[in-house]
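Written below as structure tokens is the structure these notes are about.
Chain naming follows the written order as A, B, C, D, E and F, and within any one chain the residues start at number 1.
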Amino acid sequence: MSVYDEILPSLITATPAAGRELAIKIARKTIAAIQPDADIRTKLRPDYAEDTSKLMQAGQIVAIEFQTIAAANNYWRK
Amino acid sequence: MSVYDEILPSLITATPAAGRELAIKIARKTIAAIQPDADIRTKLRPDYAEDTSKLMQAGQIVAIEFQTIAAANNYWRK
Amino acid sequence: MSVYDEILPSLITATPAAGRELAIKIARKTIAAIQPDADIRTKLRPDYAEDTSKLMQAGQIVAIEFQTIAAANNYWRK
Amino acid sequence: MSVYDEILPSLITATPAAGRELAIKIARKTIAAIQPDADIRTKLRPDYAEDTSKLMQAGQIVAIEFQTIAAANNYWRK
Amino acid sequence: MSVYDEILPSLITATPAAGRELAIKIARKTIAAIQPDADIRTKLRPDYAEDTSKLMQAGQIVAIEFQTIAAANNYWRK
Amino acid sequence: MSVYDEILPSLITATPAAGRELAIKIARKTIAAIQPDADIRTKLRPDYAEDTSKLMQAGQIVAIEFQTIAAANNYWRK
């Protein structure tokens, strides 16, 4: 059993936009895998929600996850 | 529905310059996906607009996003 | 003999979810390879468990490890 | 119209050295795209010009941009 | 003559685990190439050995080095 | 004319060890391209020579540059 089973049956998505959404989902799920306590994660939200550097730190993780998903989908080339 | 639907119908762009612009757009849209409140994002602008390290943090995200877009466009090779 | 022998016989996994789990395992095992003292690692847990930036730092390492594992598994394409 | 139009007609360069120069140019142009005010950018120069960590932060962005340009040029293989 | 000659005759290893060990070795050897004084490096050990963020900084370098080694070994695919 | 002309006629090296040395050279040359004043760069040496996080920051840049060089040399596969 993995915390990812539900959200990550596959890396394949219909569109680049769906690929971005999957990138955000797996990035978030990874934080949950490292810190399983949902209350703590909720408590931490204000700590990054208005912190530019931490928002960009999250943005960079999504960019790296998206690299993987985009390659998996052969960049959704027609 | 995704916040990316409008800006990311495809990773394919006509030119490298357009690819860079798309990289900036999706990097910005990702911050918006993480912090949906536009007023907060506007309020945060001064926090990075004159901070070298945070400007470069943004620059690095764009460089990573551009890697993906450039590969998607086969580096716009003739 | 390597600390990785037990967890890393191969990069090949049955599913993307299993690939994510392997990414987390090898990221953790690398911290153990650098700091072999399990008591120290346990003592350090509170230092990152409720620290957004450090949780995301861990999330980024997993994203990079997963890039490698996903490429190894040819993105689990059917 | 893009701020990159002038400097980025193509990712193809004659030599690796020219590829490095292009990497520096597009990294700098991205900071300009994020902070368009040239006076502010000039004012910020002293903040990183003698700061090792910020100089290396810039160096890492150039390394990432160069990865993309080198791949685009098939590593200038004969 | 290079500090790497002894540890890096090749990027090819028998197993993924050996690939990880090589990644750690070349990451460490690079710190030695930048700071050749072994006494200083030994003196610095306590500074990161119990610092989560610095342990993870090291973990990320190993993850990047491993990407290169894994690609070199075609991911040890049978 | 580029600061890289002398050190970067090509990305091709005879061995992985030579590839690492080239990675260190181009990383250093990039800092010089951003901060051309050699006296300032010499003055900055103590600031990172005994700072673990900055030594690792340099190590990560070398790891990224080496990724590019290793790919350029087809991983020195026989």
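Here are a few things to note about the model shown:
The working rule: a contact is a pair of C-beta atoms (placed from the backbone, for glycine too) under 8 Å apart; a residue touches a chain by one contact, two chains touch by 3 or more.
By chain, UniProt protein names: A, B, C, D, E, F = Hexameric tyrosine-coordinated heme protein.
Please read these numbers as outputs of a predicted model, since none were measured by experiment.
Counting steps between touching chains, the shortest path from chain C to chain E takes 1.
Identification of common neighbours of chain D and chain E yields F.
Its C-alpha atoms fitted onto chain D, chain B is found rotated by 60°, rounded in steps of 5. Using the mean of the Cα atoms as each chain's centre, the chain most removed from chain B is E.
Chain centres here are means of the Cα atoms, and by that rule the chain farthest away from chain A is F. Chain geometry summary: the mean Cα position of chain B and that of chain C are 28 Å apart.
Centroid to centroid, with C-alpha atoms defining each point, chain A and chain B lie 16 Å apart. In chain C, the residues that touch at least two other chains are 53, 57-58, 60, 64, 67, 71. If the chains shown are joined wherever they touch, the resulting network closes on itself as one ring, and no chain has more or fewer than two partners.
Remark: ring traversal beginning at chain D, heading first to chain F, gives the chain order D, F, E, C, A, B.
Residues 15-18, 20-21, 24, 49-50, 52-53, 55-60, 62-64, 66-67, 70-71, 75-77 of chain D are the ones touching chain F in the complex. Taken together, the chain D residues at the contact with chain B in this complex read 2, 4-5, 8-12, 26-27, 29-31, 33-35, 40, 43-44, 47-48, 51, 53-54, 57-58, 60-61, 64-65, 67-68, 71-72.
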